[in-house]
Structures are given as C-alpha cells and as structure tokens.
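Chain IDs A, B, C and D follow the sequence of writing; residue 1 opens each chain.
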C-alpha cells in the first residue's frame, strides 16, 4: 500500500476524505471475526475528539456521527472489512474562501501544491486534522479488542506550553473530565490560564501527549525495521503537528550512563521483571512486559489570528490574517488520536506474533483438525 | 513484507544475518537501472562504520568487505535486485559463552527469547548492531544516487553525554576525521575526555546524532500515514538503541507559541522560501524545500563492564559481568547508519513522487512512444 | 495489505461491503492528481454490470448509483484517496431466509464458515458477486486514464456453454448491445437459445470472457513474481467463479512446438514488431508491445433451481432448493469486471515503470528544479 | 514490496541473482522459529531441479550447492530471515557471446531491454529460468514444515506435447524416477520418444504440470483479491514459460452445467465432505478440505536450434541460430518449482489464518500469560 493512506500489516486501516468534502471514513481490514461491535463502541471515542467542548478547543461544532457500513453482522465482526463513514455536516465554506490561493504558514498548503500541482484548499483538504477522526473510528475498534484482552492504552495531555503534569497528582478519571485532558487538576487549571493569555494575544500553544500501554505480554513486536518502537514512532509522527517522539526515557538517555539506564532484571512471582523502566517497555524493538511509554510533541496550532507573512500560488508576497474557528492547542483533542494509533499498532503486532513459533503453528492446526 | 526485515515501498532493502553466523547481507530491490556502481562506492561507507578505529569505538576488528553478488553488470545497475554479502570473519565465540543462558540488561536477549522461545545467543544474534552494516551497504547505493542528483545527506555526532556540538564551530570535514565523528573540534576533545572517564568507571555513555538533508525539492513525501517525517522516524527508531527522534525543533515545539514556530513564506529568486526552518523542512508530512533536520537519541551502550543484576532462562537470579569488546558510546559509529537510513527513505519518496500527477504520467508515456 | 481486500502496488483498490448490508464501496489510492472525473464516468461502467437488463441476466433490479465521497475537487482528481459508495437498495431479505444455516453447493458458505466460524448468510455476504460492483467503480477510473493515454482495454463474452464466438464476425459495437455481450451476432443468438433451454431445465451454464488490451508500450511489468501475466492472472482469478486463466495461446502451448510458438521479431516502421502473437503480448512477464490477450473461464452460476444435496451448520444432511433471482450464466455481467481488473493492473504497472531507469529519475528531477 | 522480487504476505520469499553472475539466492522471512532445518533438507529439492540428469533435460551441469547463511542456529530456525546462497559455477560465457545484441524470439531479451534500456545478456540474466533454483531453495523450507503438519504438496509432469498421463496408471514413486517426471510409465516412454523426434528436428516441446495438495484443512485463504486460487495462479504464472493455469476442472467448466459442476456436500465421519471435486478444493477463494488441484501449462522452450528470424538492439533484422545446452521441454524440471511455489502459497495462507477469529486470538494470549 504505497500511497500513504493505509497503516498496518495484518490489521490495516485505510482512511479517506477531506475536511470539506462529503465526509471522511475508514476501512479496517484484517480484524478478527466474532467480536461484538456496535456504533456506540466507536462513538464514545469520536466524542472525546469532538471540538466545541471547552475553551481549550475550537468552538466549531462537528457532529461526527459514525455509521458502520460493513463488516458487522448480528452485532459481531465478520472478519471482513469494517467500513466506517462520518458525513461532514458543519463546514462553513465561506470561512476559507479568502485562503484559496494563499499558503498558510505552518500548514501543508504549499507542500501539497508542490506535490500535486493542484489542491483542495477548503480547510486544508486531505491534510486537515479532521482526517484523524477516521483514525479514531478505526482505532476504537482495536482498542475495544485490546481492552477485552486486558491491555490498556491510555493517553492524556502531558504538557501545554510550559505547564507539565505532576506524576504525583495523576488521576486517570480526570483525563475525560478536564478541558485540557490533563490527569492533574492543578496543571489543568494552570494550563487553562496560560491558554487564556495566549488567546488574548491571538497566539497558539505547543503541547505534548503521553501514552501508557499496560498489559502487553513480553515478546511482541518484529525485529529490525518493524521494531515495536519504530512502528509506534511512525504511528504517532504521522499526526500532522507531531515533531518529536520518545519511548521511555526518550531524549534524556543521551545524557545517561549505562549503569543508570540499564534496567536490571529480577524474578517476581515467577515472572521476569525489571527493577526500573527506562526502556519504556521495549528492548531491541520487542516488548519486555513493562508498561510501554510513548510521548509525542506537538507544535502550536499553525492557524493563528495574527497577521502573517506569506506567498500565494502566483508567487506574490501577501499578508494573511486567518479567521475561523481553530483549536489554540493540539494535545487536548489529539490524545484520543494517539491512543487509537497506539491501539492499532499494538493489536497488529499481537496478531503478527501468533505465527512466530513453529510449535504454536503446529498446535493451532492440530486443534483445528 | 510483514516480518520486519524489509524497509521501503518502491525501493526496498531486506537485510539478513546474525552477529556470529556465516555473514550478513542485504538485498536492495527497486533500484533504477543504469547507475554506475562498484564495490568501492559501498566500501567507503562500510569503512566509516568499522570498529577498531579509535578510543571512541570497540577495539574489535571487523573487516566488513562487501561483495556485490547481483544486480550490477558491466559496472552499472541493471534494475534487478542488488545482493550484497559481508562475510563474518572476526567472531570470537569464546567471548560470549558465559552469556548463553543469561539475559543481558538493556539488550534484546530476554525479549527475543520471549518472542521466539529460542534464540541465537552469540553476540545478540539478529538483534546485534552488526545487522546495521547491511543497512549501510544498501544505503550507500541510495546515497550515491542522491548525490548524483544534488541531494546531500550528512549525519554526525551531535552530543556525547553532556557534551553538545556548537553550531558556530561546525566543520563538516571533521565528521570523518574526529574519533567522535563530531564536526566541532572542541566538542570532540571534551567528549573524548568524558569517554575516558566513563570507561575508567566501566560505564557507557548516551549520545545523539543529527542528520541534515539538503537539496530535496518541495513536494516529496506521501500524505497521512507515510508522511516523510513519519517514515524518517520509523527509519531511525528502528536502530536498536534509539529512544527518541526529532524533526526540526523537535520537543522544543511543545513550549513554543504559534507566532514563533510558524515559518513565514517569502519569495527569493522566484522560489517560495521560508524565513526560518523550525519545521525542519517538512510541512504536513511533505518536504518544503528547506533542509530536512532529523535528530536521533541513543541510549548508552547496554554492554557495560560492571557487575549487573539479571536472570537466566531457567528463571534464576544471577550476577553478570560482561567481558568482550564493546563501544562505549553509540553515536560515532551510528552516524553513517542514520545517514544511510535517511538516504533510503528519501530516495524511496522521490521515486514515489514521480507518479503523483496525471500530467507527468501522460508526458512520460508520450515521450516513450 | 495482508487481509485480501486490497489490490495493487502503487495504485491500490480496497473494496468493502456485503450483498445485503448498508452498501458496498471502494477506496482507490495512489491515483495521480489532475485527471477530470465525475460520477457519470464511473456510472457508465456500473450500468454495464447491472442485472435486470436481459434474459441472460437476473431480473433483479440493482440501481447501483455511485457517489464519489472524496479525492475529487473541482471536477479533478486530487491525488488523495477516491472513496466510492454504492448504497444497497434492492435486497429482499426474505429470499435468503431459508438458506441461513445451509451450505449452498458451489458457493462459499461452507468455506467462510470454516474460516471465520461465523458468517453473514444474506446473499453470500462478502463472497457475493455484488462485491465486484466496487471493483468496477474503481476500475472505471483507471480505464478512463488509460483511454486518455491511448490504451484500450476491451473485454467481451467469448463463449457460453458450447457456443464460441467466431473471430471473423467480430463486431466490437455489439459488446454493449447484445444480451450476452458477445461481439458476434450469430453466436449471441445461439447462446441465447442455449440459455433458454438450460433455464427450462432449471440449470445454469459455464462461460468465458476474453480481454484484449492494445496500446501498451513494450517494457511494462515487473520481473519474477510480479510479472505482468502473473498479476493479470491474480486479478482475474480473484473473481469468485473463475477457474482458469490463459495468456495468449494459453493451454494450447502445451501441445505446440517451439518453432510454432516463438513469435519472430522483425522491424516495421522503425519499431520492433512480431510476426505472430502466440505470446499474447507478454514475454518474460513484461509487455512486448503486441496486444495483451487474457482469457478467463467461469464455472456455471452455482445457484440453480434444482433440488441439491447439502449439509447445514449443525452437520445434518439436507435437500436444498434455491429460489430467488440469479444470473443463469456469469460472463455477460463479468466482462466489464474483467475489463476493470485488467485496467487496474495495467495502470499500476505503468506507474511502477516510471522509476525503472536512473536516467528517467534524473531527468524528472532536473525538470522539476 | 513493489519491485517484483518478493512473494508472500506473512511468509515472504525474496530472490536475487542472474544466470551468469556470482550466484543466485533467496531470503525467506517470516518463517516460524523452532523447526529443524539443515542443508540436505533443501538440497534434495534442488537436486530434483538439476539439469544434466536425462535426455529430457539439458546436458548442462549445475552443481547448485546451497549454503544456509542465516536464520538457523543449532539446527533450528530462529524466526529471523533464512538467507540461502547458491554460487554459480558452470557458466560458459562463450556460449552466449554471439547473442549479446540480438533479441532471442520467445525470450525476455527484448522486453527487458525495453524496460530498463540496458540488460545483462548473459543467459538471459535475471529472466533466466535459473532464478527458479532460488525459489526451490526457499520453497523446500516451506514444504518441509507442511509435511510435518500432514500437508502434502505433490507436482508432476502431466503432459508433454500430445502425450498425457493416464490417472489409472498413476504411480507416485515414478515422479522422481522417470526422466520426464511423469507418474505413468507408459506416458513416460511415449513422451521420451516424442522428445527424441523433436530434438532431431532441432525443435522444442510444450508441456504441463499438475500439482495436488492434500491435507489442507477447510477455511484457508483470504477473501476477495487474495483468494487462495488467485494467489496460486500468481504463484505459478510467475514462472517464465507458464501461459495458463487451471484450478480443479479449469477451462472445462465453461462448457459444464451447474448441476454437473456443483459438488454436493454430505457428511462423512462427522466431517463435511463433497461427493465430487470439480472445484479443485477451493470455493470462493477458500479451501474446502478436498484436494487442491492446480495445473500449469508451459510453452515449448524458446531456445531452439533452428535458424530464427529476429532483430538486434540497433534495429537490424538478423538471422539467429542458438547454440548451447537447453532443455527440450520445460515440465520435467519445472515440477519441483511448481511444488515449491504452491508450498510457499499454502504455508503463507495457513499463517494468515491463525488470526481470523477473535476467539483464537484471545485463547492464544490467555495461554501465553
């Protein structure tokens, strides 16, 4: 699947759709048959991504009602492609009319134009963050199955500008309750105040999301190019505003010593365990049974309301002021997208792993017969 | 190519081989016909990766002579798979004998065992960094073609422990001359002193590599999941010791404001240009014509000479002391690997791009006929 | 794309949907930007596949109106995924109610059940020939582009039971006019009479389709496993009722001598030409410039109205009589599907070929800059 | 893996190498860990393909000794890529010297030249049937594992020119004993006499191979584009001289009636069985538990010793007489290649199938923990 709209190996998600077209959607193929699935299972993930919910997000209303078009029969997955459709309903085309021949700084307008010689200028077209709703729709299906297998994928806002959550105050319930999706009430308040100040200055703010994945058994992931961390890195760096990804201690490892960074093994309850988790749950690209820790860093929303210097398609320099409804910061709505991308990656790796050992293959087919 | 030993879409590199087996190798498929290629083109890249060259690297001798087994005829590539073979010659099996049932902390011994139920314990087997020599062999071919097209891929050691290069002193010629592969003579000296101290304490050191790619035209990369930065992230995070990757300003974007982070467009010499390059040359996953900046952070070499706590395959807790010849720090030998992985990623994206526009396809076949 | 619902390498078609679900659809990714496309371009292909048009087809009415959900802006393709939706409108669920726990002979009921342990029994679910409407929708887009490049893909009914067309009477205009889609008026009449007789006996009839592809330049296709004929074979054998495929002289080559079968080369108008075309336009898996000839053989429609012996999910032997609306013979409606699958295969190979030569790559990027 | 030298989805075989280069080889990735494997397991398959064994084959001597370079440790597969090398030893370059600028009729000389603008003219280079030795090396590994699981893949010469085997006289032991690899002693004798006559006339002969695969459980294969028969068709049509493929009754279905062609189901020993096997073991692209029957039709060897009309690279018409050592008929040496391609296809489908059901996935990971 060369053209970039498909993710995954055994479990593949293909997304399609533009910000201001008829709708967006996803086709999830390779999902095992027999799991119970109904629209509310997906809708609750989409609702977490919806704008218009707080001062930390755009006042835009997007209904984002998902329709399951195929792959489910009598409330269960059939093993065939699950097609998911979200009609676009809330586009105000007028908002974007004045941008149609200008390249917005920080956006993909210029690069799409350079690649295709032609672009859908309405709301960024295919490069709009709206595309991630389709990822959430597909990822929700994977997340449901992981949950049934005791694997928890949990993402939350880790920082907004200079405000970083404090692990000591971590309260998971807050993730879906605070406007910032931070699991720390004090950081949430401080971040909301910071957002208020920046909005006053017509500016936007950088942020980061952390994702913790627990319950993944040791041994998951593929060697060499498809290491589990390499796949997770691709998964989250494929979000338009992501500029960095860390696994475990991340960039800090570059200043550590080996005696600090190595996680000693010991036995606990008959299981191989680690005394620390600097590795973030992955060694040599394969899970080690500890929580998998992924952090993603997002640039400030490129749509700001200050006047900006830019050029247009005809090569004229122009001053541009963007109007419309835009999130001031990306993390609050991106957390659930990160969660869904990680869920897809982990489930794909779990499926791959079932064929790693000749004994497992033999045992599977002996049972079959 | 599900099992992880293949990278790329149109241009694919498959590597094979273990640290202490008969050899390692690579098959590069999809490389265009008609480029001049001979073993020295590849050997000079492999020589940059060789150990035993300085106090910043293992005293191990690996000859790493490459043999081109196919895909080249009369000194030119034929368009068919280029098979590259590097025989293993310098393995001292005795060095690893005492490790055969112990899981070395920080290594993939335990995770490979958990995945496959069985492992080649000699020098880490397939998970050994020796596998990256095969990537260098294949990547050198891509780098040569990029160079012919005016695209420069240049990686170097950016930091070793707390010692970071100073951009003001950047001297490219030093990359292949300093023992650290740092382009800054003062940082090189300070880093060598730091390495000396750590080795005395039987410890190893974290590090980072930076790669600058210049000459890539705007418009290269694929949307959504195969964004150019997402592919670069997978490419470099697939190196065993990598724990973080940054594009452009990287993690720092999370504390920036939109008005700081957006790169204004202007016209220069009839070309769309940017006043700054916080984006690191990529917008919405597609190149914008500015230099592409990638940074990779490596953990300290997990093989340290201090006694470490661990467990063995039978589930016994053990104290382990590793002997042998190991690099104290990863960046100096990893720079050329990062360069080669980036070269493969960029060339693949360039090839993909030739089919992006209907007009180009029509023009190509009109010319043909 | 492991799970089977995606076809192609650079140009990929993913289909989804079941016979009696909400609808069926296709996502075509990798299609070049800038080609004019509107629903009628696709609808005219779908209309050729529609049932209810003659005594050679089911009296079922399927409206099969296509909606383009994405990938087209201002009447042109944008280079991003083209999502195509066909709502199901004409399903009479009652028709299939009595089949819900029986395995129809010749159908995929039993094999889907064996694979997934669970199946959508309504009209065959995913295994229904209705899925091919999604292929036609996607293939029509490829066919339009090929036509613009002077490549003609033309499929027609070659035989129905014992009635085979006579090349001497070949009249292309008849393909879309005769009820059998045969290009020979006499064969059409004879075949219609044969169909009438078989229907009286509550039986169905085998058939074959031939596809001629002209205008493909020499040099198209990939070596070894992705030979153009191997890809065409997969493309057409992936139709549910196909049981054989031939290229050029097909099975007859097994009784030929080399001196008969080799096509001598000669020069004509400065071009390399062949005195005959036993090879069917492909040598060593790569096009030779002659017409590409593909033949597909279809089994009789497995839904027959006679009582048949079978078993049910509980393992009871049962006598089954199928009611409903079924085509008596497959070729008349399958021709356009074969045409579309061939168009997708050829366009994909044409795109792949643009990167085969280093000189072409260099020239492309010199022009770019 | 776009460029055509890789086959398979979970289990992938990549081949490389030219007829007269340093050697040929294969990389088999995705093979499960823990199966016993040593060079003789592979060598015995390669020996079946060797030329120089009878009057039905070329008198050329190719030693074809395989070396396992990776992926096996202590006599067992490790789950990592199995790299297989066969050095070329017997090439007489002189034999081909006079062909270096001529396009041999029936060969890929012209089409490779048209594609790449440059070709390795020595013995056909990459398009040589010698490439299939690498397929046999990789396929032998798959075949061994299938055999351990009770799945038998058995291919043999079905016809040579007009001489077809008689099922009544089928004697499996003869496949590896007769010079024609026919399982019927009378057909073998008649075919050898026919070969003798044709060789006298400096001509070559068409032929066909049949492959029977028994022991495959029902439910194997993927829907839609990756139907098991579609994959088998690609697998065998990717052999250079193959011009047709049939599954089950093959082309004959086009003249059958539905009441003849449908295989009635019944129960036997508590298992779903079929009263006949017109379907050749595959319904709707998925195995039904009956023997899978594949037939491949090969054109006469294009290298004949009569003078032929052709053209050269400069566009001159030329008369060409081919010397050298060439098989008069393809089937005898191709049978083992067909067997190996089918083994790879079936094992890949078996691995894919392990993830088809949610219950199986859950059960696998419950057992793991």
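Structural remarks
The criterion applied here is as follows: contacts are C-beta pairs under 8 Å (C-beta built on N, C-alpha and C of every residue); 3 or more make two chains touch, one makes a residue touch a chain.
Just so it is clear, the structure is predicted and the values come from calculations on it, not from any experiment.
Interface comparison, B-D versus A-B: the higher number of contacting C-beta pairs is recorded for A-B. Note that among the pairs B-D, B-C or A-D, B-D reproduces the A-C interface, with over half of its contact pairs the same by residue number. A separation of 44 Å divides the Cα centre of subunit A from that of subunit D. Between the Cα centres of subunit A and subunit B there is a gap of 26 Å.
Centre to centre, using the average C-alpha position, subunit B and subunit D are separated by 38 Å. Contact with two or more other chains is made by residues 2-6, 9-10, 15, 30, 33-34, 79-80, 115-118, 126, 217, 219, 223, 352, 356-357, 359 of subunit D.
Subunit B meets subunit D in the complex at residues 1-6, 9-12, 14-18, 21-25, 27, 29-30, 33-34, 67-71, 73, 76, 78-83, 85, 115-120, 122, 125-126. Residue ranges of subunit A in contact with subunit B, taken from their complex: 2-7, 9-10, 15, 103, 105-108, 110-118, 124, 126-127, 131, 159, 161-162, 198, 201, 203-208, 217-227, 229-231, 233-235, 237-238, 240, 242-251, 253-267, 270, 272, 275, 278-280, 282-289, 297-304, 306, 308-311, 315-317, 352-353, 356-357, 359. Residues 2, 10, 30, 32-35, 77, 79-80, 145, 148-149, 217, 219, 223, 350-352, 354-362, 364-365, 368-369 of subunit C touch subunit B in their complex.
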